[in-house]
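Each of the next two complexes has subunit A plus one other chain: subunit B in the first, subunit C in the second.
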Partner chain A sequence: MTDEPLVLGIETSCDETGIGIVRGHTLLADAIASSVDEHARFGGVVPEVASRAHLEAIVPTMQRALDDAGVSLADIDAIAVTAGPGLAGALLVGVAAAKGYALAAEKPIYGVNHLAAHVAVDTLEHGALPEPAIALLVSGGHSSLLLVDDLAHGVTPLGATIDDAAGEAFDKVARLLGLPFPGGPPIDRAAREGDPEAIAFPRGLTAPKDLAAHRFDFSFSGLKTAVARWVEARQRAGEALPVADVAASFQEAVCDVLTAKAIDACRAQGIGTLVIGGGVAANSRLRALAEQRAEKYGIQVRVPRPKLCTDNGAMVAALGSHLVAAGVAPSRLDLPADSAMPLTIVSV
Partner chain B sequence: MTTAVELPALEDTHAFGDRLSRLLRAGDLLVLTGPLGAGKTALVQGIGAGLAVQGDITSPTFVIARVHKPDPARGGSLPLVHADAYRLGAASDPRAEIDDLDLDASMDDAVTVVEWGEGIVEQLADAHLRVHIDRRDDDSRLVRLEPSGGDWAERLAALR
Partner chain C sequence: MLVLVVDSSTPAVTAAVAEVTADAVALRAERRSVDARAHGELLAPAVREVLAEAGAGPGELTAIVAGLGPGPFTGLRVGLVTAASMGQVLGVPTYGVCSLDALGLAATRGLDASAAPDGEAAGRVLVATDARRREIYWGVYAAGRRVTEPAVDAPAAVAARAAEFAAGAAVGEGAQRYADVLALPVRPEPCFPPADALAALAADRVRAGAPSEPLTPLYLRRPDAVAPTARKPVLP
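Then we have the complex of A and B:
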């Protein structure tokens, strides 16, 4: 036996109904039900579809997680749940379920920040996170650089996207190229057959005048527009679209800026650890380029395996476990869901 | 009666949003249209700057809608609801999806700006202003403002 905390995590901030169970840094169960297939039919997230799907999935997913981990609810030391940010209706389902389970089983509850959980999940793969670390969080709704000096109590935002998120750019470019939703995996696949230098797409906020005010911020709107213009010009000319080259060149532009700014943040802060999280961290080129550039400066890059990068319950459990170990007080049972929860708040 | 405005550069889109914001009052609905990359979010950033609201205005595609509270310290008094129906467009009944967002709950007290909302959100208010942005080959923009109901036509005269 071990005295490390056994923590259950519930995630319902967007598409996935995820319930994970961890003991300390050890992953015991990671059960997921996804409404992505339903959303794919609509070309995106549909709030009401998401809420309804969570409601239907949560009890069976809970049972599957407990079975996979070989534990019962009575064995659990604490329940963690994503309290924000995310879609309001979707968050509410998870928070209400967590409260119900916490009340019924008399367990402490932790309402946690979804983005901090994307950082914490790496502890399941690589063990305790050295602090301070720099975190690059890239997903459909977020693109942020964070200084993580104390993950249990708060993180310091260094920069973020000033327009579109990186994952959103992948989704929109995929649609331009006639590739399915979500756009990340099909662009990654198509790019492997393409030339990343075929088209010189813009790198947002990297010009000297932009760096002065936006050194650690991102902008992917101009890139999205540039791809749209390029594609439209080919279509107007009646030419076939070189999908692989466009995908590779677009992906290279995104990964180039993300990794350059993340490494710059590490060097500016004198930090030797870069952790990358969020759905876009599953991108193969982002992982490769980050490692290649970090090596030059002796920076260690930590990226969890793709399944842990996308939304899941294990990441929420991992953060909950970290909070319990750090002696952070649980949340009140009337904790609210906060769709716009700021990054500076790790648990409510 | 359509009002057309030329915007040579991105900064002009922002500045035009700022100018447009001076016409706005509680209960207003703006429906933004135009192709991918036309500058819809950039225009809302300008409107937000003019209204002096809190928080960074970024694309709401993923979260569907975001409410920006006014910043009284900078003279702000109107909340801005920034919504994006991009992901709702292909739903079987997108109007029901918009209703689920409960945007109407705050509409009377706020300025509501919806991207990709054409044909979906107009029923949220008695009147609205349609703002269509076109992106041209030289990267300049042409904005067309189409009033629909209310006193939009009179208010737009102030822009000329």
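Then we have the complex of A and C:
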């Protein structure tokens, strides 16, 4: 349908410069420039390096997105941009760029929440999202369980990590095992050859006393330390490291907790839809285990394809399109970037 | 020819519309607010206001001129990405100007460039802006031109270099802040890169319709990033 809004989304909250274009729920372009290789030798994203890369990448990435979609900025109905949460300096480049585009093309601008965008992107794959739904968002920067009752106006946080994000644990364990950064894909690959039950790594915040206070919260710091202890003990004993078994057992511990708590949240709220997003949602074991457990309770699991799970501009465009369709008012031109933007705010 | 001018290399956020004619540059509208923490909030509304005040739509701009710094990174990028994104939409060229050059031009313009060496030395001015971390971005200027290349150093080191290059006065908010260390008479104006000087420094390119330039910031510092050292063992 051509009367659906044509929306452009800009994402710069971490190390990906993403520009996506959607019409309604249809993805027209998803252009990405990543500075991940520049961060690899530091073992994590360096904010200033990411910000410099965004500034260099934004104009060419925009051109690619427009060319891929076969549209010009004059055709666009609205521009959405990640206003937070994320790295302050990185967010600022995207927000300032979005304002420049909006100002010069005389279009409305929407400053949106990155986490809500991770939920909204699923509409590009599976169509309109049933509400309410439960969302599990897991990446290098966040690990959250949310109740999505009205994606246009606000989502309700149910729980979040109390220490490391799930993706961070993947990065740190990958480093212990001599695997490259970012750690998610190489651990996923290594784990396929390993035994997930070889080593009994701890499941954070699942003991009865922890569940009382942290039913829907996560903790991955203890797991990370347990893996480090196990690896060091083998190394000190001069034994070869069974990389595949460690990777599989670690991955199983993470996926076990994430899916158990997500399914528990669905059942506690009587909700039949679970959406999973964020870079860790690209993990093959997480997807399989979530499906397997959800099936038992008749819960439908929606996970977008891996390229839409990691940070990208399409997710921001998807949320923008949802906001335009819901009649939400645009943001002001002085909208701030907010590195700690709360989940309860979907657009500023 | 109408030109948009932006600079966010100092605590001042500047937006202006300038008219470049065959032999002059005149400001049609200018906004300046000083708030080092709010560049991202202040610049776009200021651009909209100066366009409105100049009675011009964005489509009437012939070019966009942006101060390349040097300046503290986060704020500096706001001006450059605003200029670049607007230039992309409008299909007009963007031109970069060293922000210290704009201060230097404003501080020494009008001095007689053909004066005797003594006179020229007397007219040399140190331009300094705040680089934070107790350092300043600086350059020495005479008769509107650079005597030294832009650099970043501690105020005491700059004082020594400024003496070496015979600067007789200092301008800029960096000079004001470290006036006691620099030991030079500090003039109150220009304090921040002036829009008319930025426009003047790009005027020849505007008139000639020179090709668009990538707006690469003058960072002068490498990012703070250290490769991780060996991991600390968790076992005792």
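Everything that follows uses one rule, which is that the second predicted complex is superposed on the first by the 347 of 348 C-alpha atoms of A that agree within 3 Å, B and C clash if a C-alpha of one lies under 4 Å from a C-alpha of the other, contacts with A are read in each partner's own complex, and residues count from 1 in each chain.
Rule of thumb we're sticking to: contacts are C-beta pairs under 8 Å (C-beta built on N, C-alpha and C of every residue); 3 or more make two chains touch, one makes a residue touch a chain.
Just so we're clear, the structure is a prediction, and the values are computed from it rather than from any experiment.
Peer 1: Using the touch definition from the top, say if A:62 reaches subunit B (first), subunit C (second), both or neither.
Peer 2: Only subunit C; A:62 stays clear of subunit B.
Peer 1: With both complexes overlaid on chain A, does A:333 touch subunit B (first), subunit C (second), both or neither?
Peer 2: After superposition on chain A, A:333 lies in contact with subunit C alone.
Peer 1: Quick one: classify A:71 as touching subunit B (first), subunit C (second), both or neither.
Peer 2: Neither partner.
Peer 1: For A:89, using the defined touch cut-off, is the partner it touches subunit B, subunit C, both, or neither? Pick first, second, both or neither.
Peer 2: A:89 contacts both subunit B and subunit C.
Peer 1: One more residue to check, A:162. First (subunit B), second (subunit C), both or neither?
Peer 2: Touch partner of A:162: subunit B, not subunit C.
Peer 1: Which partner does A:225 reach: the first (subunit B), the second (subunit C), both, or neither?
Peer 2: Touch status of A:225: both partners.
Peer 1: Name the contact category of A:345: first (subunit B only), second (subunit C only), both, or neither.
Peer 2: Neither partner.
Peer 1: What is the shared patch of subunit A, the residues that subunit B and subunit C both contact?
Peer 2: Dual-contact residues (subunit A): 42-43, 46, 48-49, 89, 176, 225, 228-229.
Peer 1: Under the definition above, what is the set of subunit A residues touching subunit C in their complex?
Peer 2: 41-43, 46, 48-49, 51-52, 55, 58-59, 62-63, 73, 88-89, 92-93, 95-106, 175-176, 225, 228-229, 232-233, 236, 333-337
Peer 1: Can you list the residues on subunit C that touch subunit A in the complex?
Peer 2: That would be residues 38-45, 47-48, 58, 73-74, 77-78, 80-86, 88-90, 217, 219, 223-228, 231, 233-235 of subunit C.
Peer 1: Using the touch rule from the top, collect the residues of subunit A that touch subunit B in their complex.
Peer 2: Going by the criterion above, the answer is residues 14, 39, 42-49, 85-87, 89, 140-141, 160-165, 167-168, 171-172, 176, 221-222, 224-226, 228-229, 339-340.
Peer 1: Which part of subunit B faces subunit A closely enough to touch in the complex?
Peer 2: The touching residues are 35-37, 41-42, 55-56, 58-59, 61-64, 66-67, 86-92, 96-97, 100-101, 135.
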